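Listed below are the structures to be examined.
Shared between the two complexes below is chain A, which has chain B as its partner in the first and chain C in the second.
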Partner chain A sequence: MQESLLEILCCPLDKHELELEDADRDDADEIIGGDLVCTECGERYPIEDGIPNLLPPDMREETPA
Partner chain B sequence: MSGTDTTIDDATDTPRDRRTHVRERYAEVASADDDCCDASTTDADCCDDSAADDDTETECCDTSETDSGCCDASNGEFDLEDDPSRALSLGYEPADLEAAPEESNLGLGCGNPVAISNLEAGETVLDLGSGGGFDCFLAAREVGSGGRVIGVDMTPEMLERARENASDSELENVEFRLGEIEYLPVADTTVDTIVSNCVVNLSPDKGQVFAEAYRVLRPGGTLAISDLVATEPLPREIRENPDAVDACVGGAATVDELETLLDDAGFVDGSIALEGEWTADLPVASARIEARKPV
Partner chain C sequence: MGLEDQRDVETDVYQPAEDSHLLADAACDDLADADEGSLVLEVGTGSGYVAGRIDDETPARVIAADLNPHAVRQAREAGLEAVRADLVAPFADGALDAVVFNPPYLPTDPDNEWDDWMEQALSGGEDGRAVIDPFLAEVGRVLAPDGSVYLLVSSLTGVDDVVEEAGEHGFSAAAVADESFPFETLTVLELFR
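Now for the complex of A and B:
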């Protein structure tokens, strides 16, 4: 995930902005791990293998790890 | 259960159940080895319908228990298409197939939405239900380095494939994220064009899908999707059959329903153009669905 994309990402629940925390970057400066945290509700959305998991939390729990 | 059996095996079919069923089904498709489910294969270890008493559990192609969709094209009524060559008949050009990473075309669409959406350089494009990423890669070529394409899919296995395909390609303006099309993780008024290929029918809440699409489109932005539609109301036993839903026919809305949904979401200049009968057994056709968010 490229950091420039962050500006059009939002929380799937309340549509507020997300902040990047604990970012893990590869050599090309692409974000491959970390958390996106909603600035309003505080929900944390993990970035795994470069793909932000922005499923609503209740659906995410059904997702196999 | 054979593919022609239309009994309702899920009596408590809630939107959540349906979504989970769809996701599990498409996870199987995404995880399947390409060579495994080729209907033309003669590999007896795979896709052998006669092996119903086989004790060994094959990951896919086990037709003894459920209609897996991806292997028994000969007798399944609700098979998912797995033939990339079908893309040509759906409006893709041969050059399109060459331009996108080979693995990205899972042959699960029902039209070529990119061809109809008149993408321009520099646009931001959102693909609802991006699957293996095929349409995203084609769109990325159209919008160029100044534009960007975002694919949203709720199936982790699909996104894994899409991401692998993205890293194989030289395109740097494509991004994928895990999300639901009913809860788009995309900020308001940031998207120029929304594309989608045979996905909206899978949603148990199409009104919310269109409401979310409207929200993220900028004023004047375009919705340009391909999907299956019902040309007359479908029988209840089809609408409630999870396998029929997975195969993109059970959840197909009628043209009237879609027009109402588009109106209710606020879209204008809506058009639903039928393109051809999808199956001889049901009143379902592929359609181009276009509408615009007013300026």
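Now for the complex of A and C:
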């Protein structure tokens, strides 16, 4: 994900801002790994293979298939 | 493409169909003169087809979101900015100039539902609006004041019911495209305030 995406993302639970932690970047400066952390509730949302997973924790494990 | 990925594509991710083409055409027409840097979100992007068309054909920056991990992976592989999200939940207030959505809309008998990603992509619950209604309740929060929603609706779901529900959340509606098929008519609604 591009770092500028952070400006339009928020915590899905309480809608507060997210902070980037432990970012892994590729050669094009795109963020491919790390965590987005809610500045209010502290919930962590992982970035995997460049895709931030912003599902609330209780939905993250629900995999129908 | 490996066999496992092939399976992903065929069984786990909704592939573009007539509804996708109609929605992409309508959204691209309307957004052709969008400002450079305006932000468009596609909810439930599936294969990323509609988001990809908007990315190619308009000046807008497009974000492709889906609940389905196979879908966001496919959208990213297609070169799109992808986010795994439940509808518009993780997007900031007033951040988006347009939101595009081809929702799961087929009315489904609860006894006949099959519990996999493709069912989630198609089934709108008993009245066909199990996903549309919560979407309409929340999309106003993330939309810029002069932003628009482009929503695909089928006659099987009931266009009037969706227009009425959108009205409950402060939206006016205009039909910007429609196309008839043997078993349904598809309409693209533009919702605005």
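We adopt the following convention: the second predicted complex is superposed on the first by the 62 of 65 C-alpha atoms of A that agree within 3 Å, B and C clash if a C-alpha of one lies under 4 Å from a C-alpha of the other, contacts with A are read in each partner's own complex, and residues count from 1 in each chain.
Throughout what follows, a residue touches a chain if its C-beta (ideal position, glycine included) is under 8 Å from a C-beta of that chain, and two chains touch if they have at least 3 such contacts.
What you see is a predicted model; the values in this text were computed from it and never measured.
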item	value
Chain A as common anchor, with chain B and chain C clashing or fitting	clash
Which of chain B and chain C A:Ile8 touches, first, second, both or neither	both
Residues of chain A that lie at the interface with chain B and also at the interface with chain C	1-2, 5, 7-12, 15, 17, 45, 49-56, 59, 63-64
Touching residues (chain side chain B, partner chain A) in the complex	19-20, 124, 148, 150, 154, 156, 159-160, 163, 172, 175-180, 183-188, 190-191, 215
Complex contacts: residues of chain A adjacent to chain B	1-2, 5, 7-13, 15, 17, 45, 49-56, 59, 62-64
Complex interface listing, chain C residues touching chain A	11-12, 39, 63, 67, 69, 72-73, 76, 81-86, 89-93, 95-96, 115-117, 119-120
List of chain A residues in touch with chain C within their complex	1-2, 5, 7-12, 15, 17, 45, 49-56, 59, 63-65
